[in-house]
């Protein structure tokens, strides 16, 4: 298990939900980068549990301690390591899971892989808790990208059957991003947001859960970033995005919808605009042949519904090899999509900053 | 540009559309593996140009020469290298592209990245020609997987607005696969296939092109394969699949449709069947927490419409920085989805065989 | 700066001499390994400063805290991270070095590489302090090797002009190793040890320092480990050994002496002994073609004299670009070779354990 | 078996002594590099068999064919692949070795690793033949370094008991290098060369063989190249140098001799010379803390005596598990050190060019 992503920087995540700490080491950051710790903390706050009525009730401060790689708050060229202590752990909640895997969680597959040694407490290394160190690394990359005038922002595109507007793939920009960054619930269309919140509330009352789609845009991206074949921007973004728990699909530009279109409709004509080569439309999502075109990079990520639901479910006893009923107690989000938004931004920022160093 | 995929084996592709040869080196194959060269050739034939009226007219034999790594036709533990000569190259066709990039091709982004040194002939390293060495490596992996009773098979799920049936995600198996392997046009529903062929023919006559979706299933997969976070089966499959030109999205199991479902609908209950732990449904596509569950691995890949169309298009002159009209001549598939089917199988086989060696 | 070694496991070291902590993450350890923490602490004690009159006076407990990767003291399959707090840091000692680099230290080269951002305090990431996390990882690997009956042991072969006996390259084994492990000053010939201690004492009084050679043997090594070319056992051992500060050469078997021998003298005849293929002599140091032969692996590592000496030295002011005199104050070992012995064992254990997982 | 070296470029070697071809792929070369093919051929000629009476009699042209990565003789940004056909293979010579391993060759260890699948013909992947593709990659890197005014040159320091002068570690430069490059037998002291040739001739007549030492210097090296710990210049150079068959030791600067010196003797004082920071002496071999200091990089590599000797030797029958006598027939160099000189230069050039791209 390498838990490591990147070619030029390497982001390496460690920890389990209930180990003493979770953390991240970022290898390869250039020396001399100043980190704005307040801004980073504000970013981490966006994925924090406990922000609203609809999220899990577990509350932890999530303040990273930087134990290596800095000299007076500035990167010094050595690996940067930050850790967050796990303070609010109630291991007794998880005894049952050891024998009866929760449907659509990783309990069963981890059991097959690691046997009894798997740290089942809180989902172990499969927990959403591991997105905290991902967001530390990603939050730093977001700051470094910002210095190069590259912005990464995401919104909730869909929750259950409720849909937000889409980004305008050609003109998306700071006017959208400013609103999203400050929003408690990041959507473009506030009414859609209200309907989503209601849907979440309904699901919570029913002891059920919802999935959704996050749409992300990267603007200010220079052309020529990424490499053909397996090191293309699509490959790299997909590789890191599928590292976020519950992601089941990734699409770029027009994505799956392009299957139904014709070349004459889908092709993005080149034009000269503001003295540079651009495209009139952006069905290609800012990436051609794995390499950025200079147009906004646009992609969408689907999150399956949270598998922890309050209803009784069918499962099996691994020790007795028989079918049993399972009722999951404890604290669970009915929908992790809102908290996933900064995780998607963090993941994208890591892949993009890494590619810029090619 | 590393053109390399894999953790345990490494598949490394080299060559350009019009260089003396394209080829592949596979590092890390165990010694003692016998390759069935006839079976490999039959597999390569499935992605060959020139099989039907609707494919490009360029015809090359595509017989690989194995120049390293074998001892009497058996792997000897050293890197395996195979090359295919590029014999039918007409470089003169491509003079225009150097200055006027084809919309939605990689001409422009490669120009930004490599400048005048980019080998623009036939798309250079961005050509679909590079899927020939991918299929050599993948065809070998398919054979090695077969020895472990793991089968990988794909079909055309959609072309334009025509849809094939989906695989039954729980019961997909040899009865489907046998038919698909022998088919000239791999679909589950022959009538859908007929309609797709008509749609392709119509697009060809209009000088237009079509995209589509390929669905792939892997059966016989043992549980416990893959690793959490960035080395999960989803990450690895996505990373290699986005290496196939024109792929713009990848989804696993219920994929993007799961955004609209509830946890109570989407969760796959565990059951005991034939003495083993299985799931009643397979919305998870055989992967939980990045690790295989033992259920069929199911995923879909979307291909954008072929960007080379006969119609006049808007583009720009890179040297003169002005907008111009472009008309692409030469040989082009109106739809590469049928030929992409073995490429998807090859890519998947590589990722899966690699993960089995973890 | 990746600070990472290994193909199958990855040992990744972070921290600076005066950062809040130093630490190590070991990726890829199999689940289910029990670590004997007392034995690990005893091993770490062997490289500890402050054991004798001749070592640096800085004293820190060096008790690692394991913050990730364990479940009830047993590896759980996720990355293992351990940190050691840096408690005894006196940063004021190092103000001068920022401008006047110490001869034969890394101050100057780090200044060129990282500019003013280099963490010069205590040598930063170039400090011998970083061998503490190396020894955590190596101490764990030593335990895992021991379970496979593989032993790694080293002794001081030379300090200044004093020489210890050499290991018998064919019959080296537990009888030597037992003595060495318990010794305060690990040599085979006690008289040689006494002379070495005297030489160190003399150097200390003169404000001077000494270098030396450490010889290491690995017994119980199965044949067939390692790979040709760049992944051979020699390459891998050399790569990790040169990661220990002050190492300037590595040789295997007869090493540099073999330049003066003839093939007829140097070749190691194969024999049958105890029913297995062995060699009569072991000039090859247990490695042929990068692959272990089953004979003891024997190598030697040279450490340059400690560059920190009390005498006045010639250096330059980097800011004023002029030559100046430098007098280094503070605490320094006159000879780090004794403390380097467990570091060599640790480094070797990491490379060997990694290769066993090929 | 990855056969791959490098972080930024990756040099990957494939082929066996008697496979259809040997070859190399270099990943990551920047686009736009012009290769001087005549100069490359002249460099390859230096390691060619058949140059003098004392070398093996097998004669092959060794003209590489570049099958990928070039566009009109200029690198185009995709992987560069070159192959050399193996034309002069007499496989019948090697039947005996399959059962009776040659002492101090890799026959036995490869047998243990790969079993009967090992390609024993001509030493398979362990043959000195694999240094031909190493020299293709290295020869290209030498040209690219030369454009940056970095020179790499080596000479024979020792053969048997005969010694050449050493490079002046401070003032080594073009005046030495010009002579060496043109020499049939690269030594600094012609008389020493004559004595070495006599020693080789004597060994040949006796059916015996000799080892030796190659000393290499890199001048024009900028300060600040390389990274601490495992990615230092010493680690990287050692890693690639141990990839050359028969290398058993590598030392930098004063190397093993520094064990006997004091800090006050060994430390290299910083001085201001020609307006830049230099060192008065160069015991550190141009590398401090893994990072170049701007002084010449100096290292020595020891080659064991050629294990193929004409005398009868003791070995074993692997099938019958009994001791037997072995007499090796066929063509063999009594000393490969002269031909190893360009291989050392090639290996060093690869490591250094790779590090320059950090």
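Before moving on, here are some points about what is shown:
Just so it is clear, A, B, C and D label the chains in written order, and each chain counts residues from 1 on its own.
As a working rule, contacts are C-beta pairs under 8 Å (C-beta built on N, C-alpha and C of every residue); 3 or more make two chains touch, one makes a residue touch a chain.
No experiment lies behind these values; they were computed from the predicted model shown.
Among the remaining chains, none touches chain A as well as chain B. Chain centres computed from CA atoms place A at the largest separation from chain D.
Separating the CA-averaged centres of chain A and chain D is a span of 47 Å. Chain A and chain C have centres, each the mean of its CA atoms, that are 40 Å apart. Annotation for chain C: residues touching 2 or more other chains are 1-4, 13, 78, 110, 113, 125, 228. Inter-chain contacts, as defined above, occur between A-B, A-C, B-D, C-D.
By the touch criterion stated above, chain B contacts chain A in their complex at residues 1-5, 13, 101, 103-106, 108-110, 112-113, 125-126, 130, 158-161, 203, 208-213, 223-224, 226-232, 234-236, 238-240, 242-243, 245, 247-256, 258-272, 275, 277, 279-280, 283-285, 287-294, 300, 302-309, 311, 313-316, 318, 321-323. Chain B contributes residues 1-4, 10, 12-16, 19-23, 25, 27-28, 31-32, 65-71, 74-81, 83, 110, 113-119, 121, 124-125 to its touches with chain D in the complex.
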